[in-house]
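Below: one structure, written as structure tokens.
Chains: A, B, C and D, in written order; residue numbering restarts at 1 for each.
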Amino acid sequence: MAADGSKHNTEDYLRMYRQMVRIRAFEDNANQLYLSAKMPGLTHMYSGQEAVAVGICEALTDDDRITSTHRGHGHCVAKGADFKAMFCELLGKAEGYCRGKGGSMHIADQSHGNLGANAIVGGSMGIATGAALTAKLQKTGHVAVCFFGDGATAQGLWYEVMNMAALWKLPVIYACENNGYSEYTKTEEIAAGSLTARAEAFGIEAHSVDGQDVLAVNELAQKLVARARKGEGPFFIELKTYRYHGHHVGDINRDYYRSKDEEAAWKTTRDPITNFGKWLEGQGIVTADELVEINNEIKADAEAAVAYAEAAAYPPGEEVDAHVFAGVDHALTYIDGAAK
Amino acid sequence: MTREITLSKAVNEAIAEEMRRDETVFLIGEDVAEAGTPFKVTSGLVEEFGTDRVIDTPISEPGFVGMAVGAAMTGSRPIVDLMFGDFIYLVMDQLCNQAAKTHYMSGGKLKVPMVLRTNLGATRRSAAQHSQSLHALVAHIPGLKVAMPSSAYEAKGLMKTAIRDDNPVVIFEDKLMYNDKAPVPEEEYLIPFGEANVLREGTDITLIGTSSMRQVCEKAAEALAKDGISAEVIDPRTLVPLDEPTLLKSARKTSRVIVVDEGHRNFGVTGEIASRINEKAFYHLDAPVLRLGAMDVPVPFSPALEDLTVPTPDAVAAAARSLVAGEMTHAA
Amino acid sequence: MTREITLSKAVNEAIAEEMRRDETVFLIGEDVAEAGTPFKVTSGLVEEFGTDRVIDTPISEPGFVGMAVGAAMTGSRPIVDLMFGDFIYLVMDQLCNQAAKTHYMSGGKLKVPMVLRTNLGATRRSAAQHSQSLHALVAHIPGLKVAMPSSAYEAKGLMKTAIRDDNPVVIFEDKLMYNDKAPVPEEEYLIPFGEANVLREGTDITLIGTSSMRQVCEKAAEALAKDGISAEVIDPRTLVPLDEPTLLKSARKTSRVIVVDEGHRNFGVTGEIASRINEKAFYHLDAPVLRLGAMDVPVPFSPALEDLTVPTPDAVAAAARSLVAGEMTHAA
Amino acid sequence: MAADGSKHNTEDYLRMYRQMVRIRAFEDNANQLYLSAKMPGLTHMYSGQEAVAVGICEALTDDDRITSTHRGHGHCVAKGADFKAMFCELLGKAEGYCRGKGGSMHIADQSHGNLGANAIVGGSMGIATGAALTAKLQKTGHVAVCFFGDGATAQGLWYEVMNMAALWKLPVIYACENNGYSEYTKTEEIAAGSLTARAEAFGIEAHSVDGQDVLAVNELAQKLVARARKGEGPFFIELKTYRYHGHHVGDINRDYYRSKDEEAAWKTTRDPITNFGKWLEGQGIVTADELVEINNEIKADAEAAVAYAEAAAYPPGEEVDAHVFAGVDHALTYIDGAAK
């Protein structure tokens, strides 16, 4: 662990721990829902990468914005979302964050500044940078964090917005979660040169950090967020991490691109939750029993939320053409000029 | 008080007025500040509003459209200047996957109040990549509103409505009309979306013309009047929403309709408008709804060829005469 | 010899056969090699043809489509795999400003023999950015051919024709049909572009269905047969070129037509097909040409909503019954 | 001048000189045609940048491919095009390279490997890289050069194709003509960081060279082309240069973004033709009189070609729907299924 026990107070540590456990619990349940064919569509598990979302989001306020990805549950939880509204969304229920219209790949939580997951790889890079533009123009002092994967660095959009962010000193942090794979392909096969150098070429300060170490991530994030607020941004962070599951929940037989040994090694030696828990114990901040208690409590929370979501109602059919246009109740009559 | 001003000036006034009224409005695009765009539409704005609100960008269309989406989601009301309508292909993902769907995907939680202003129109000898009229593409995508001003008057009124709209709106100006003058009130006015404009009443045939095809239809109607044919001319003004009631009313009255639009004919705007009229006014029609669009070829550079590709008043009048005469060209 | 194979397998065979026949053909896209695409359509190809001809790319859709254009201009015949049809927005510039126009802009000097294969289709619970059917966008652009296979048989025959075509061809496969089997000959065959397929003859009404809407129409026709209504079912197979003669012949025979397509209805494919029939078979029609498309909303995630957005056999049959019964829903 | 007289033979030098003069003569006439309203549309003058096109294209064979830009006459001439077919194209005549269908912004010359000018800034970056992919797959030994301006570096497409070119070691050279402006904006206002660093971040060897020095450009190009042929590519070259005219022929009053003094300084002290002429004289390769003779001869050639093009015929109307599809005589009947 990068930080020593004195820098943060106990409450902060425990919140970080709990948030990581909440993400893991959310994912375990989501995976279970999928495997038992209760979840429509498919979904991408964040398990293994918890320290990234939590380390960064703990450095942000509710007014700071984030944009998220297809692998977005972790960011959503870390930014403060509620289990019930999340599970409802995953099941396409009316009480979901997006009234069931978005699902796993588009979950957004406006109340906590999460501008949404995105099913277009790299698709939110402009959005995050634009949020930072609002922050600069309206002098709000807010910061925007753009989460994306190593695979997304191949999208040209990133270079376009980095250039503008650098020219205009926008308060945006590009957070690349390098989990070693983009779908079924190793990162080195799809990324030439160096990721940090790519940002630096635009005059953007770049950092590389161990994405399994929540304290290291948080410490860096605190610093960069504070500097971005003062107009010293943009910044780039590469976070080295690992996804435990397949690319999506259906990606089961994956030996052809990734060995079981490699997976086991990360899970046993580099798990962000286990390791942080051990550190907390070592520092005398919690006992092993207290950790178990936290884990159990969160697990129960998640299961209750799942049960709630399963019982919840689908949106009524008449909502199908609502929300196409803000201010228009039903798009179908509106576009035919009937509602004028 | 009404004076005559150019379409450029009308757009400029609309933007300036709205920027004065609402400080969350800003303008972003390539060479929109000092240079005032290649068409000089935005000249003077940077002097009044400064470089914070009139923002010159690098040549990064997907990038700055994406940023506009994010800015719009967070309390700004960006107006994006896309220098040529042909570049809309570059921004389709940000426009159609992001801007158009965000409100829906978020179940109404997030809004994207942004305007993308761009242009259309051939015959400037600008060849295949600077002459396209691509409004059909965006009209197909749910979540986008689409406006097609046909004169300085519409350009101003529709632009102001667009800027105040809480949704992404795409406005296509005809780049050949920037210097055309039309009467525009001094007083503030807005043109609501979804209200077609009946420019000329008639009884024998309805000519529906979008953007500058309105003038083409008006000229055709004048020529037809000399032949004793009374043509009604309608400008839909917005494609999404489309004022179907007004179009249908006219079709039911005249029983004959021609739809004229400068986009390619094939799988374009005219097919939709014609189909809706056929579908909903079928039993009132004396003849098939005809369609005139840009020829289904990339726009050629050579003046000798380019002029053949766009609908002209003569072509519209000729089609109208044959319809009124009851010539059943395709009856075989 | 005919056996039953899946649509996936049919596409795979078409690509493999053409790669064997012509060594300038190569396949490029995300995870097309070892992974064989998420839909496993290209499995096994890399083992036979190696990584030089089955090329995994980074997530750079505009980049690798642009490269395919350049490769095609210089003697290669690339097949581009675009994982989801929704990503077509990202490649519109390279596809529509470059690939589609190069032959024309060069006065016939340069050719772009490339295939872009992608997919369409909702109801996989994949939400708004992975469920779109965007074929109307490319059908609007001169210079692109557009094919819409409706079964394994068409998927193979059209793919082989596409690969041999000297022009950019976009093929939209229905991602829900990848595992559907159909009889496919062992022997080589090609399906020419511009030849519609009359799947079922009928006398009362014509149902035109693209891609999987063919099956929807076939099912509707079966239901209608039980009611004593004789429906003709036609699959256009290609949108560009469109086999107008076959469609018109049927319309003139049955006097009633419904066009069904899974793209959004507004400013989409159905409007064009309906308009052409109205225009050229007007005096033979007893009723307006009706259109069924995907609902004009972004595709919602919730199963409770998503299922409402796509045309079903029931909806087609109901529309057909009302047409045949002479109900003039919109006659007012 | 970067090279000494012994490295090249006299013939090479003179050809380079002549090619630069040919470009200048072409542009002077094109400008004149525009100013006298004889040319349809508008056009972008290459004058001032001649050493770039010539220095690079002289290192290529007819089978090597180039892609060009909106400012493309120079590349076209340098790659071997003929004045008559070029002027015919600019005037929309049937004998033009593209039968009048392309015009200035789309002029292509397949016979000399010019895949065409492009009116989408950055639009040809994929095309050039794809040409290099064909070269690699078919082992032709050919090289592709992608010309583009400083402004085009803001297009995301470049980063996408650089990444793939680097991963697959494609024989492509990205040649960025940095003329200090993109339209009416100075390069430093639209480009953050460093252009060479952007290429280097992808592991691409990058060079910066004086684009007014034809020998320096040519020497570098010779080396890199030879190495690219051997599979050592891709490469990036930034060529510092200057455009003498406005952004396009109609951009006359341009003091608001560029001073007359700056223009005068480049023209008087940095002209690639004058300076190379002086060097040739200094080396005793030509006399001042011989240079004048060359200039006059080329001027006469250009004027004759203009006269020819002015008198040439427009394409017949029936060609308007030809060439939409290869193998289809008339697209309009074809798309309606009539031609099957």
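In this section, a residue touches a chain if its C-beta (ideal position, glycine included) is under 8 Å from a C-beta of that chain, and two chains touch if they have at least 3 such contacts.
Note that the structure is a prediction, hence the values are computed from the model and not measured.
Set against one another, A-B and A-C show the most C-beta pairs in contact at A-B.
With respect to chain B, maximal separation of chain centres occurs for A (centres as means of Cα atoms).
Rounded to a whole number, the gap between the C-alpha centres of chain C and chain D is 40 angstrom.
Rounded to whole angstrom, the centroid-to-centroid distance between chain A and chain C, based on C-alpha atoms, equals 36 Å. For the pair chain A and chain D, the distance between mean C-alpha positions equals 46 Å.
Shared interface positions of chain A, i.e. residues touching 2 or more other chains, are given as 98-102, 106, 118, 120, 123, 154-157, 160, 163, 167, 189-191, 324, 331, 335.
Among the residues of chain B, those in touch with two or more other chains are 57-58, 60, 62-63, 86-87, 90, 93, 97, 104-105, 127-129, 142-143, 240, 266, 276, 296-298, 300.
Those residues of chain B lying in contact with chain D across their complex are 30-31, 34-35, 38, 56-60, 62-63, 86-87, 90, 124-130, 266, 295-298, 300-305, 308-309. Listing the residues of chain B that touch chain C in their complex gives 86-87, 89-90, 92-93, 95-97, 100-101, 104-105, 127-129, 136-137, 139-143, 239-240, 263-264, 266-272, 274-276, 278-285, 287-291, 296-298, 300, 328, 330-331. If you check the complex, the residues on chain A that touch chain C are 40-42, 92-93, 98-106, 118-123, 151-152, 154-156, 182-185, 189-191, 256-257, 314-315, 317, 319-321, 324, 331-332, 335.
Residues of chain B touching chain A in their complex: 24, 26, 52-53, 57-58, 60, 62-76, 78, 93-94, 97-98, 102-111, 113, 142-143, 145, 165-167, 192-196, 240-246, 276. Within the complex formed with chain C, the residues of chain D that make contact are 65, 67, 96-102, 106, 108, 110, 115-116, 118, 120, 123-135, 137-138, 144, 156-157, 160-161, 163-164, 167, 322-327, 331, 334-340.
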